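Structures given as structure tokens follow.
Two complexes follow with chain A in common, the first pairing it with chain B and the second with chain C.
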Partner chain A sequence: MTVIARRLAGHLARGLVMVLVVTSISFVIIRNIPGDPIAARYEKLIEQGMSPEQAERATAVLYGFMPKGNLWQQYLDYMSGLFRLDLGESLMTPGAQVTDVLFEATKWTVLPVLVGTLLSFLIGIMMGVYAAIKRSGRLGDILAVSGSLLHGIPQYVLALLLGALFTTLIPILPSGGTADIMFEPGFNLGYIGSLIEHAALPVLTYALASYGGWILAMKSSVVTVLGDDFILAAELRGMKRSIVFRYIARNAILPLFTILALSLGLLFGGAIFIERIFNYPGLGLMLIDSITNRDFALMGGAFLLITIAIIVANIVADMLYTVIDPRVRSGEEAGR
Partner chain B sequence: MKRLAAVAALLGLAAVTACSAGNGNSSSSGGGLYTTIDALKPGLDVNAPINPYNPKGNAFRGYNSMWLGWTKNHMTDPNQFYPGIAESWEIAPDQSSITIKLQPNNKWSDGKPVTAEDVKVSIGLAYTQGGTAYALDPKAAGAASDIQVIDDKTIKITQAADNPSVTFVRGIMETIIVPEHIWGGLLPADFWDKVKTARTDGPAAEAARKAITDLAPKVLAFAPKEDVSAGPFKLERMNPGEALLVKNKNFYNAAKVAPDQVKILNYNGNEQIWSYLTAGKLDSAPFTAVPADVMKRIAATPGNGVVRGYSPVGNSLAFNQSKKPYDNVHVRRGLAHLINRDQVTKVASPEGGTASATTSGMHQRPAAEWLGAAALKSLEPYKGGVAKADEEFKKAGLKKVDGKWALADGKPWKLTINVPASFSDWLAGAKSVTSQLNDAGVSAEVVTTADYPLYLEELAAGKYDVGMWLVALGPAPYNIYQRLYGTSNGWQLLAGKLKHVPAGKEGNWMGGPETIEVDGEKVDPGELTHKLNSVTGDEQKKIIAKLAKAANQDLPVIQLWDYVNTQFINTNRFTGFPENDSDLLRLTSGVWIQLGLIKKK
Partner chain C sequence: MAVSVETSAETPVEPMPESAPKTAPGVRVGGLSVVYKTPAGELPAIAGIDLELRPGTITGVVGESGSGKSTLALSLLNAVQPPGRIAAGSVEIDGLGDVVGLRGEELRKARGRHIGYVFQAAQNSLNPLKTVGKQLLDLGRSHGVSDLRALVREAKELLGRMGLDGARVLDSHQHELSGGMRQRVGIMLALVLNAHLVVLDEPTTALDMITQATILRIIREVHEERGLTTMVITHDLGVVAEVADRLAVMYGGRVVEQGPTHEVLATPRHPYTRGLLGAIPRLVGDIDEARALPGRPPTLGTVPREGCVFRERCALRMDVCETVEPPTVADGPRLVACHAVEAGGAVREESA
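== the complex of A and B ==
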């Protein structure tokens, strides 16, 4: 067994234990959240104009979908379901499997957040290198200030600003949804264009919100690497500037890869404020709805997904480091 | 080369986006596309089945989900309807039965005719879900006892004679109708025998009732492969943000249905509706609470308009009478005199509410209809201000210490109003109330609860002294008064018998006494309310008058404002919307369309 394989096996075993522990803790927390979702639904329906009888009729059957038995019984039922990959049924959409609801919401979160994060990462590291090299110039200062500014603005403020700008003041982008329903879903220009159009604002917000962090981190990393002896040696040996630049970038980017892998894990948590503001139906919006409606099964499923994503991202980050940084690999081999 | 590829990809995306922006609505044809939201379905769910029984089901009332008739919500007569699946109906004078004639030319969207068998199966499915007209408990009031298919287009439903109720007709007419050829398989062959047995007494009846209600989850989760609708539209497709419905050419009134397509937009909060309205996207939107500044923006959008009508809902400040000093009627009266309801409404709901004239348990408009102007005027208006309040507080034994009212034993009194944090109008209203009370020497504060489910749970558990509570939920008089003298105040109906449970038990958080004195006469308001279910005419009026007086004198709540059904329309694409005060405003725009009111511009 290679070092990497052994390391991976250890990570997976620890990850599995972690998932079980976190799932158990979140199960207890979720089941102890106070609030009567069915009474709330009843009152809402009445407020919307339903007669008390209709509202009663519409809500009474939901009691059949509430978890039954004491907490231990519920826990055992939940865990045995979990081992069969059965996360139960949603309370607010009786009959809908939690796994299906999660899958549907996940795809609308992962794509925009992934695109936004990667976009900001690419632009951020390029600008970061430039800002570090030109750190005594005006452009370097401008880039660093732009990074600090964007890093300091909370995501939801940025989302509100962009929303107001592009949906109200200059209304060129849609304010909600995933695609215009008038387009037949499929691989056609209209539908794909509509998808992009609807995802534009969330993606732009994710990208701008995280761009600041990348540029600042990359700048700081590059500045550190610039002072290293091997850069001086390379310059003294008269190496081409482009090769020296590659040396700098490859070494400076290492710590950022770890942060990237971890932030990709966090993306499963959805960006609650962004999805809420843009009415974008991803995991964040689903999570808010499930908490508001005390949809215990859905909440449990969402937390489980987020837990797994973060643990997997941690493992990936660690393994990636082993692969891309020879010092870690050789250190481990030396320690055997 | 790589750089070139990246630039080309970006240009491609830009072109695609531009292309989509230009073609958004290109597929709608002659009759046009009608865009709206469905207030009953916040948060569209693509995983939900096309099932009208499912709370999130993708069946939109008035569009692809039909009732026998559409309730007019008349202020004093709950038995007035617009035609739906039923073309006409004949109600026996004593309301013991209703004979329904179906629309003669109505067909399901798959071409099969809508028949009385469809109605019978739908009634069977309604039995699995419970409800007044389809209660399996033999002692339940207003339940159907016999369903008889007379012919292909006629069905007669008879009310159980032992416990009749005026709610029976409405219960029947509000039956959701689904196709027998799709849904029929959910009912076992011996279903109707089981219903018959269930409506008797004994262990066999108990088993039959269980067998029927056990079907409920199956019905709720049933997912037809495609939409088969008897309404003006059928669901074509949906995504998490929008649903597209297309015209059902087999609908009986299809010739008068103007739009070819309907797009229903998703919403999760009022802000999204405001955003759609400001952008002029919606042809109509049902009642939405709107702050004044947003209202201005919405009104400034070309084509946008507002239609207002009666909304049988009011908001009130409700007391937990098991807590001191709210057990004392003089304290409640004193507070009522202190609160300037006009001021509260101006702050809390300037666009969607009118200040309550007084507390009668009813919305001002039906109150005028039921009681008459003279009787309404004879009610205490509670506008006495500080002088009257001082008088009442003194009667209650309260003392003024250093300019602040204290309890009879000299201990400080702090009035705490609980409201759910997410209800901005309630919060603003409560803050206005506490500000007025503090000015008048009553220490008062507002405490918010994280969300509505928690608020209702804690309210029911008797944790709050004072909270906000919806009242006057008409138009049926029983529905109106059961908010004051129902479960939340201790009266429970079990197996047809009314009982009163002590304060703090079984959801009795209002904790009022079982009997109260009204004009020197002892009355049981819960019993009177219960009677509203079974009496009509003058007797009904007498009881309502008594209950209005009881509510006015005893003040289990202080009514603050009556909601106004404020709806939005846009006349750029369609016309013919209901006018101010139309009874159609309480129905979905799908009903307006199917009745042929909406016209293409």
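== the complex of A and C ==
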């Protein structure tokens, strides 16, 4: 146990350093993007038909929220704020704390993407096992081909197709947003039902888009394990089919846990295309908006969140291995 | 026969007796042929093998790679892997009947409980994610062993018998064991359910010499102690000489010569057996005395369809060898399949 704790502590220390390095780099990059929030806002207002004087007056208020001092000064301010979990204020919605904006968007991303990922993982794994066992039969072929096809279709194409199918051809689902405004947000049946209805298409798209990858990965993993000597050995020792199946499944799923953990980390990046197409106010959409509006603080916050999520996912994947694969565990204990 | 199999498969499976018969079973392989499906059609890996494993003996089966010896070993468990299948023949095992006719649960229960199988060097015959002990329990549960504690005790005793710390080994994963230890674990798992027919497929390949010797000693000892019928598959004549009572020499999917080990090794009759022995370098004398057999063994695709399978490499090749497959002829305790030997003369005089 102490070995695992020491391993975890090492990971956390390295992760923290990594976060600081990545944050510094992204800080420099963000501040060097051409254009600034005020110019971006100004141009937008002009496009909307405001006169230059009006637009100037409207953007003047933003100056109050712009970071002060030279780049070094700004960097030091930003980093010291970071340690107090203060990521500054968003410029897009002046006065709003970046942390609040992030939290709001995270809410709309994590749950749908998490559900979508886990759903596609579970179904993909099961279908992958089946496709591997029946790989010389027609059904196995069909499953594998369906996996390749779904894996090959880009997410945004899939999103448009599903959107067209379920909102226009068979109009049973709403086409965008998070819930109908007629319902009072809160813990009531109408609101929750509406939430689920609105989340259905993004979740479905996400699940279908990643399902292909899981089925293909699991199939090849199972086929590899099926060829392993210990499976034949278990059969020749007269092991029950259910036990042999567990041997196969557990060994085959092992390499997929890494991919799962990493994709859970990536989910904080949001599903940009899907959120855009279904107008779902998640992290992906927020990130795009923050970039077009040159909202430095929000961009930095989003990048920080993605960085932390991926580093944490890596640590989780590694720690998971220590728990489920005895070979990794004893490699660590070798020096005892 | 097919009918009886059908009905017994449908009726609820009777509870297995707690232990298999205490006596060594005899095994009679009759006319066994195994074919493998290839793009060029079904090709025979072994063809019309007759072989008897006498109760309580160790039979060694030797042959080059591709001679069909592993296929023969798997046939004893009716476990020929696709794309191969048993095309003809029977494998009668005392107490089990013809295993070629066994299917489903009946076959599964025969494996492990009646027939123990030890893998080639057993390097990878264990689930890497589970300890040996947990896999032992899986084995026990698979065979309806009610007293799992007794099973563990038995396993520890067997491992101790083979010079290992039973408790520690059961608590280990495969990667924590050396090759020799894994092989002994493999033997333990083959014996722990009290199987009295044990098939060892190249049990010492890939092990160092000292470990080889230890494993062979263990095989011999356990065989005698438990009263087993044992079959050892190997390409190493030295292994056979060390452990086997009887020896069967395979070539191109046929048993070309069989008989008591010491007789076959002392006075080999079949030109292939003679060639094999002649190819072994001696410890004393000129190394050039060892003479390799010319040519190469046939593969699945190049085994001649008719005539003698060995004729391409044979010094005693005659016209009849081209067209007629040599019948297996008894000569005292010896069985030889060779036209030249049957014709008498040259071979016997030369070896006398």
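Note that the second predicted complex is superposed on the first by the 321 of 336 C-alpha atoms of A that agree within 3 Å, B and C clash if a C-alpha of one lies under 4 Å from a C-alpha of the other, contacts with A are read in each partner's own complex, and residues count from 1 in each chain.
To be clear about the criterion, contacts are C-beta pairs under 8 Å (C-beta built on N, C-alpha and C of every residue); 3 or more make two chains touch, one makes a residue touch a chain.
Here the structure is a predicted model, which is why all the values come from computation and not from measurement.
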item: When chain B and chain C are modelled together on chain A, clash or fit; value: fit
item: Which of chain B and chain C A:Leu226 touches, first, second, both or neither; value: neither
item: Chain B versus chain C as contact partner of A:Gly176, first or second or both or neither; value: first
item: Contacts of A:Pro326 with chain B and chain C, given as first, second, both or neither; value: second
item: Chain C, chain A and chain B - angle at the middle CA centre, rounded to the nearest 10 degrees; value: 160
item: Partner contacting more residues of chain A (chain B vs chain C); value: B
item: First (chain B), second (chain C), both or neither touched by A:Leu189; value: first
item: Contacts of A:Leu262 with chain B and chain C, given as first, second, both or neither; value: neither
item: First, second, both or neither for A:Glu197, with chain B first and chain C second; value: first
item: Which superposed partner A:Ala249 touches (first chain B, second chain C, both, neither); value: neither
item: Which superposed partner A:Glu104 touches (first chain B, second chain C, both, neither); value: first
item: Minimum distance between Cα atoms of chain B and chain C in the superposition (Å); value: 24
item: Residue ranges of chain A touching chain B (in the complex, touch as defined); value: 34-37, 39-41, 43-54, 56-62, 64-65, 89-90, 92-97, 100-101, 104-105, 108, 167-168, 171-172, 175-185, 189-194, 196-198, 200, 276, 279, 281, 285, 288-289, 292-294
item: Contact set on chain C toward chain A in their complex; value: 74, 77, 79, 81, 108-113, 117, 119, 122-131, 138-139, 141-143, 173, 175-176, 186, 189-190
item: In the complex, chain B residues that touch chain A; value: 13, 16-21, 23-28, 33, 39-40, 43-49, 51, 53-56, 71, 73, 126, 129-132, 167, 170-171, 174, 216-217, 220-223, 237-244, 263, 265-269, 272, 275-276, 278-279, 286-287, 311-313, 451-458, 460, 470, 473, 476, 479, 482, 586
item: Chain C-touching residues of chain A, taken from the complex the two chains share; value: 228-230, 232-241, 243, 247, 250-251, 254, 324-327, 330
